[in-house]
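Comments concern the structure below.
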Amino acid sequence: MKKLFFPLLIATFLLSAASHYGHWGSAIEFGFAGLAILFAAGLLGKATESVAHYAGQRLGGLLNATFGNAAELIISIFLIKEGLFEIVKASLTGAIIGNLLLVLGVSAFAGGLKYKEQKFNVHLAGQNASLMLLGIIALFIPAIFVKTEHISDENTMTMSIIVAGFLILAYFGWLVYSMVTHKDLLEDHVDTQADHGEEPEWSKRTSILLLIFATVLVGFISEWLVHTLDTFSSRFGLSDLFVGAFVVAIVGNAAEHSAAVMLALKNKMGAAVEIAIGSSLQIALFVAPALVFISLLFTDHMNLIFSTIELAAIGVSVFIATSISRDGSTTWYEGKLLLIVYAILGVAFYFV
Amino acid sequence: MKKLFFPLLIATFLLSAASHYGHWGSAIEFGFAGLAILFAAGLLGKATESVAHYAGQRLGGLLNATFGNAAELIISIFLIKEGLFEIVKASLTGAIIGNLLLVLGVSAFAGGLKYKEQKFNVHLAGQNASLMLLGIIALFIPAIFVKTEHISDENTMTMSIIVAGFLILAYFGWLVYSMVTHKDLLEDHVDTQADHGEEPEWSKRTSILLLIFATVLVGFISEWLVHTLDTFSSRFGLSDLFVGAFVVAIVGNAAEHSAAVMLALKNKMGAAVEIAIGSSLQIALFVAPALVFISLLFTDHMNLIFSTIELAAIGVSVFIATSISRDGSTTWYEGKLLLIVYAILGVAFYFV
Amino acid sequence: MKKLFFPLLIATFLLSAASHYGHWGSAIEFGFAGLAILFAAGLLGKATESVAHYAGQRLGGLLNATFGNAAELIISIFLIKEGLFEIVKASLTGAIIGNLLLVLGVSAFAGGLKYKEQKFNVHLAGQNASLMLLGIIALFIPAIFVKTEHISDENTMTMSIIVAGFLILAYFGWLVYSMVTHKDLLEDHVDTQADHGEEPEWSKRTSILLLIFATVLVGFISEWLVHTLDTFSSRFGLSDLFVGAFVVAIVGNAAEHSAAVMLALKNKMGAAVEIAIGSSLQIALFVAPALVFISLLFTDHMNLIFSTIELAAIGVSVFIATSISRDGSTTWYEGKLLLIVYAILGVAFYFV
């Protein structure tokens, strides 16, 4: 079985590519892409785990989150170029709530069925909570000011640019803080013993290369999948908002998703949390503000003002994810709670 | 004194019944009902405590909360049959904030005057916080979507039914989690020593029977009391909202109230918290969604959309109760804070 | 240098007074006042520290906060007399967010650059969080009821007076709780060792007198500074709201500011937190409600209804400050987060 993995990975990828570029029809393209992403996500999960072995759970999780969001960023730039700001904001919203509720929820649920209580660094959980709060505040404050006071479009854009700048400043400060000045405080000492004796298959270098390779594969296949789903959605009469916030976000986060669940099943909840919450943080504090700046290169500029229901969805996701992870441990029931909130949001968005 | 307890209980109950069905006049009915509820609630408190001795504080608290809310549920069904949805929602709101602020507040205040700091299981406090948050989210998300987007009445009802289903799913998951898979994690080890040597008056069986008996008595008397208060309120010009959310809720929760305070005075704050917060949880996650399903049996259906001020009242109650109980301990001042928030809400509802 | 301190303090104060009353021109008045406040704030910081040595960090912090807010109170009474309620509310908002974000932020940032992690009493942090939440609730509930329901101006005023009464009740309860019944629970045992051997320069009596003296000086100079800034602001076209919430608040809190930062740099974070959060609490729970009562002495009465954006600003400040201080420790990055939120609010208020 192990020997067949790479040949099957390549074969399904090529078939998916052929079906996509050859326009073989939505159903067939969907089938091949679905198959291909299974293998690619599997590789991604193993590579992340291997990198985490060498670099620590946090850095491994961060690398995974970054590569996962690179695809998000690239797709968004194409959408911004075409002025489709609402879809960009819907998919950013979907990515944040998808990571906080679906990825973290499935990880905690699946991991919790196997292990009674999964612990991780409680300091990190607290810091993540404060950072997520900053993310909400930065989206919420300009929105409420624009919605209740008379602020011109031009001033709204200027305000968005400045707030975006502050967010990026906060994100880089966070990297310095968590990777340099307070690295030790935020590290996971919980399962070092569990790792003892477990030798990774690949060298450090190979692991990183495979991580990059798997992320690129997943990025391509996700896009092909999203493309077929677009056809599906128009056939089933789903709104842009629902497709952006749920369908695209679920498929687009397949990478983070599978990696996080695999880590949770190996009782490395610290790395799973880092992928899920770390990825949301990256979107709120880096990807979203970066897109505001990138939009300045095009004719139409994108501001940071999200709609009321998007803000409500992000807000409740942050509150419940924070409430659950704050004590530095998760159980199956906490995972279930996150999934139920995700389902409630899905239902609400479906009826808009 | 002890020998006279049961005869007096029966006598006051019969007098209250006679005055109610004989229509002796509001003032007299009110007087007898008030007297009768004192004895009935006293029995309820003792029975809960005795059950808690055999079954643990949590199960005792849960049983008490369930019997207490059974009355709530029955009264609400009659109101739904008559299409009085607004009064049902007002009284559900009142029951939630009454338990979180008044019952918990008086318990913490009274207990705190006697004991400097009263501790309980900190895990349970955290889980309760997350569950209450789910309750708010499930009420808040459909409401904000309906209030800001164009959603038809039919879709609003469908959304309400689905969300109600998820809430009930969450509630049963919680019972499995807290009573089966993670029972030990949430138990109260704090005052086991205090129990040592204290022998309960009744056997396990008698205790449970008396708990049921007392709950039924309190249920009847509460309804009679509510009935007289209705007359009072129309005489004093109080709004339906105020009567539903405050008067009905205070009297209707007399059972939980007296039991929780008696437990707090015996330094069994874990059971008091379980009654207060557990009862609110039951209303938000079970009674309210169950009423949505039950309303489907009648001509007019009740949705889950609460008014803005009801949501605001529930929201702030959950936030302050969570903030105070999260550390697994209460003091007199924290009780006072809860009571002040209750008073502020009372004033605001009074002026609507 | 040390010998020159008092002469220079007096000289700069007199020069500032002369320039103010002699109307020497905004630029010159600004320069002298800026110079004078440096010395006065320096004295205030030292006096607070000395009082804290004798009375404990908490009482020292409380005294500092009280004297600091006395100036705030006096200025506000003059504004209320002239019916300038909006400016009063803007400056109360500014004082709350300025203390929670700017004072606490700079303290945590500066202290965090010197010490890796600065700890303080975790009980106190939790209680502060609950009290701040009460403050928000008391401002938020009347506002949301007035904004969504039909409530007459007269009833709004009556509601404001009652709620204001409850807040003052809560504040005095807090003083009894934290200074009498639960003093020991909330004390800072963290850096008692650090104090060992450090002898204060002044006696207990002299320290208290100097604290009062320094506060009075800072109060005068702040007002002169604010006066010059008024001229500046009209020249630069800043709105009343921005001037009230940011310019006045920054200058008016110079006292708390310098004292808190000096204490943080000496690793007495407990006292710094007490100044910053304690001062906000005092404004929300005592100064604001007291002003409602004081306004009853004049023709026009001030209610407690703040604008939506003011409530949003206060709300997010409390949430982020609470999230950061709840664990009883701060780091440089947490200080930076607070400052970024302050900057975001500043930008938003600037564009109104």
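A, B and C label the chains in the order they appear, each numbered from 1.
Operating definition for what follows: a residue touches a chain if its C-beta (ideal position, glycine included) is under 8 Å from a C-beta of that chain, and two chains touch if they have at least 3 such contacts.
Everything numeric in this text was worked out from a predicted model, so none of it was measured.
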Inter-copy rotation, chain A to chain C, in degrees (Cα atoms; steps of 5): 120
Interface sides of chain B and chain C: same vs different residues, half threshold: different
Centroid spacing, where centroids are CA-atom means, of chain B and chain C in whole angstrom: 40
Two or more partner chains touched - positions in chain B: none
Complex contacts: residues of chain C adjacent to chain B: 123, 126-127, 129-131, 133-134, 137-138, 140-142, 144-145, 148-149, 151, 155-156, 158-159, 162-163, 166-167, 169-170, 173-174, 176-177, 181-182, 185
Interface residues, chain B side, partner chain C - complex: 116-117, 308-309, 312-313, 316, 319-320, 323-324, 326-327, 331-334, 336-337, 340-341, 343-345, 347-349, 351-352
